[in-house]
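What follows is a set of structures to go through.
In what comes next, chain A is part of two complexes: it sits with chain B in the first one and with chain C in the second one.
Showing the complex of A and B:
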């Protein structure tokens, strides 16, 4: 990338929407345009399959309009990408779009809010098992003929990424109800959706859990009151590095399976679970290869599409054959570029991004690279349950999925003792040959905040370039995207004494952007 | 009423964590086991060679150092404990037992460990992973955690006897203390009780903050004194309330309520007497450890218990306390930045008010409440609203007649 491309000049004022599509050279622009059309095809196919139902959903659920902006979201995530990075990103995100649209169809066609008094919808609803969004859905594979739905993904998690303003209304609702504003916006948003009655009314039963944090434990009580379904909490042990917790963890899964069997009348099928676990093992191997490629001098798979897809795959598409197919395709593309020694981006720093990323600024990684040449070669959020599951017996599989759940998104580092998040940072720094740490100060994440001094001191002792970036996960009203950029700008100018790659990106207003 | 026997001595004991009785027990060579959470089975920590102290940070002032290490968004109690550890105020403790329940509290002990803040060569710490629902396998897991992470280290490192007989003796001593509180609690049910909220709070706090075997004789004498205490003729209490919520280890809170003539009939908060000061009934069929651990899980009222039976159980308990202790209303209080009680206060407060029709107010507060005019104003307003409700109810009743 040449210096000063004036990327921000292509943004419509305040909105960050492109005035025209990016020019990436003939080959890449054509590829990007083709994939962009493919995305439109996926969305159109979904809409036209059930037009009335989907339009009803659009008017029924406030969060649903956010999905209309998904094309722009994908464009933001792929800013300035070339070569393998662009191809990997587009393939990942289009796979995600395909799976999510299928998921929305399952949800809406069973939704009593959209189909009151419909026997057909009710029947479909009875074949849905709801689980907390932090639980990997893989164990649901054993309930053949049933759909395991991560309850909060469609109304909460995805909208918070796609549109920075989506959570604001729901968080306000929860706070009006009496919740203090200092709690994490994720459970607060979930509670707000429940208070507003904006969850789809589906499901035979619900499996809640204690992940990822104290706030998430508590928000389940608010949601319970709204859906009124038979609920069982799955207690996932916190000290996940200790072998002694495993017996309890497996028994918890067994009790959950028994509970679902009682609720649905279905019999758990371990052969189906084995098939899903084997696919997941392959998915994990694919991810491990990506990490290895990123450890090279020419990291090909960095940025938000990488971690975002990984979260999605771990929770939502674990054991999903379509996701694995995409992984194989993407890995082949990445491998080829590394073998060729191509590196179509300007990188001045290899950074580790630690702590939970900011959902309302998912494309922060792209800004770091485009503005300052900081490539995020390693992200904390990328390291979910990555142990291979032993599929030899039902016991070993339950052990594997129990272990996998303990290493869930975020909590794999935020739970299990302070060493897990603190020591692993320095390990990863070395493994990925990083030269700086970008540490998110997620102001409402108390587990990490409570050891912030330890990070600071150890970074000083190790003489590591370490920058704090304040954010509030899903609430742009407390810390905006511009504030986050400002933390980096100040550090880069005053501590690092560097000049930006693109001056136009240093400070701009995107407050009205999705 | 005249001053309660030993009350000034108790006040002195609460002036510092390393109080006179703690020093005495340490002087006798016993190991001091510090803890903060109800998940710690206190009854099992007072063995032949150990005694428990529930940690407090009296006279907390500036929190600058802990704020640097923990940020300003952490509950004041956690920050106060870390600050006091930095000041060297906890060098007397030999063990710190914690539970990975409230993450902010766990981070206190982790910071202490990482920075080596306890200047005591014998210092040892351990953290258990505790379940958040009551099941057979969960209880088994909890028992095993308590055994391997608390009791066995006490035996191996501090030469404590953890035999069945020793545990039984410890529980019996605990029960002796609880029997005192059960009797005093009964007195709070009277219309014009002979113990004030402030006095009860002080008694309760010393029972947590001092070695049980040393505070017990004093408490027994205080009870005897209470039995014969003459009440004031005039009932000064304008309203009777149940206080529910997070950790309160400063009796100034009760003083504030008392100054508004608001009587705390039941203290259902961390460091309060419900739960914690009820006898553990033992049988001869099961090991003592199993019985005690089950008791602590079943009676635990921490909002982190997320099964529907426990959630409902918490609300039902508060309702029962209101009825049993003839309370006019409920105060849900939350230490600022406590996620658990933030949610519980919001939801249970609504349920009490809207569904159970029990007048309820919700407050959040700092760790140090002394001099909180805002808190006093809130309490006064609530007391007035309760009085108005009583007048309206009386008028409505008279009108019907």
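Showing the complex of A and C:
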């Protein structure tokens, strides 16, 4: 990539909507355009399959409006991408779109809010098991004929990534309800959706959990009151690398299975679970291969479209054959790219992104690369539940699933003791040959703040460049995207004394952007 | 023709301006209370300083002007803007090149800065999302004590004991102070507690930035005797005194950058 491309000149002021589609050279532009049309096809197919139901949902749920901006969101994530990275990114995101639209159809077709007097909807609803969004849904595979739905994914998690303004209304509702304003925006947003009665009214029972942190205690209580379903909390041990917690963890899963059996009358089928675990193991192998490729001098696919897909796959599409098919396709593209030895962008630094990423600035990685040449070769969030599950017996499968859940999104590395948050960082730095750490400092989460001095001390000893970037997970009103960029700009100019690759990206106003 | 180099530091509470000559001699400086509009603050500070220099009539006649501080983008006629972190480091280096660590306590942020022997920044850490431990915090506390800021800053020096203040949030600290005053606790001991709690906050920033060796304080709060004593106790160091007003360090550093860049470019406006 040549210097001073003035990428921001292609943004409309404040909204940052592209003035025109990006020119990527003939071949890549055609490919990108084709995939963009494919995305429109997925969305149109979904809408037209059940037009009345989907339009009713659009008017019933405030968060549904966010999904109207999904095409623009995908475009933001593909900024300046070429070759294998572009292909991997588009395939990942379109797969995500396909699975999510299917999920929305299951949800809406059973929703009492949308179908208040429908017996058919009620019957479908009775075949839905709701689980907390932080739990990987794989264990639900053992309940054949039932859909395991991650309750908060559609109204909370995905909208917070797609549109930075989506959480603001719901957080405000939580605060207006009298709940404290200084807690993490994730439970605040979830509680706000419950207060507004904006969760779909579906399900036979609900499995809550203690993840990612204590904040979930508040939100579980509020949600519980709203949906009124029989609920069982699944307690996931914190020290996930320690063997002594595993007996307890497996017992918890057994209790949850028993609870669901009692509620639904269904019998848990370990053979079905085995099939899902085998698919997940393949997905994990694919992921491990991708890590190995990213450890090379030519990391072929890094950034948001990689970690977003990984979160989605871990929680939502674990044991999903369509996701595995995509993984195989993407890895083949990436292998080819590495064999060719080409990387289409200027990379000045290989960075590790540590701590939980910021939902309201999902394309922060792309900005880092385009503005400063910082390639995020390794993301902490990428490492959730990445051990192979032993499928030889029901007991070993439950052990593997329990282990997988303990290394959940946001929790992996931020819980589990200093060895996973601190020691592992330096191991990963070496493995990925990184020369810089970008450390997210989530201001409403005090967990990691407590050991910030230790990070700095060890970074200095190792002569590692360590940048703190403040963020507030889902609340752009406390830390904006511009504030986050400013933290990087200050560090790069003051400490690194470097010049940006593209001056137009250093400071721009995107306060009204989705 | 004589050349003049200027640094203008537009902070959240005060705007500061320094003009120097080709040899780096300070010709004039001024400090004014910031207005709501940073352009206005910069303009007034520039005018005040320019007035003090014989033969200099307007900002357009400056050879090179560097803006810094939170309003650095709004300094009229600026040739360049540089972050306040770099400028504080350079300012301190100009007055005492042996200093390697800075704790800068401004109107609305606290910074720890580690500097190299040539005045460049090796690392920094800052807290700019919370008023606790900043100049704004002191203003709020002085109001709670119903005394002028200068008097409040010295109050803790008379304390024989320190009453620990657990809350570091401005709002909570204010209500905690009100309760303690209501309980009849000695005012100077409450003030000492506040100073220690802020010193601890500074300690975190200093530690995050990795400051060691000779450390100094900059920013308006550096003039607070009580805080200086508390920082010396908490960090177990002797704070190095600067021979010049510590509040001017950002503007001085900006002026020094202006001098270096102006001379290097041979700029002549």
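Please note the rule applied: the second predicted complex is superposed on the first by the 514 of 514 C-alpha atoms of A that agree within 3 Å, B and C clash if a C-alpha of one lies under 4 Å from a C-alpha of the other, contacts with A are read in each partner's own complex, and residues count from 1 in each chain.
Definition applied: a residue touches a chain if its C-beta (ideal position, glycine included) is under 8 Å from a C-beta of that chain, and two chains touch if they have at least 3 such contacts.
In this text the structure is predicted, and so the values were computed from the model without any measurement.
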Superposition on chain A - do chain B and chain C clash or fit: clash
Partner chain in contact with A:468 - chain B first, chain C second, else both or neither: second
First, second, both or neither for A:36, with chain B first and chain C second: neither
Which of chain B and chain C A:146 touches, first, second, both or neither: neither
Contacts of A:259 with chain B and chain C, given as first, second, both or neither: neither
Partner chain in contact with A:478 - chain B first, chain C second, else both or neither: second
Chain B versus chain C as contact partner of A:178, first or second or both or neither: first
Touched partner set for A:494, first chain B, second chain C, both or neither: second
Contact breadth on chain A, by residue count: chain C or chain B: B
Which of chain B and chain C A:460 touches, first, second, both or neither: second
On chain A, positions contacted by chain B and by chain C: 443, 452-453
Of chain C, residues touching chain A in the complex: 83, 85-86, 120-125, 129, 204, 207-210
Touching residues (chain side chain A, partner chain B) in the complex: 177-180, 182-184, 187, 191, 208, 210, 213-215, 217-222, 224-225, 231-233, 235, 237-239, 242, 244-245, 247-248, 251-252, 255, 414-415, 417-418, 441, 443-444, 446-447, 449-454
Chain A to chain C touching residues, read off their complex: 443, 452-453, 456-457, 460, 466, 468, 470, 478-479, 490-491, 493-495, 497
Chain B residues within the chain A interface of the complex: 68-71, 73-74, 78, 100, 102-104, 107-108, 110-111, 114-115, 127, 129, 131-133, 135, 137-138, 140-141, 144-145, 148, 303-304, 306-308, 311, 334, 336-337, 339-340, 342-347, 349-350, 362, 364
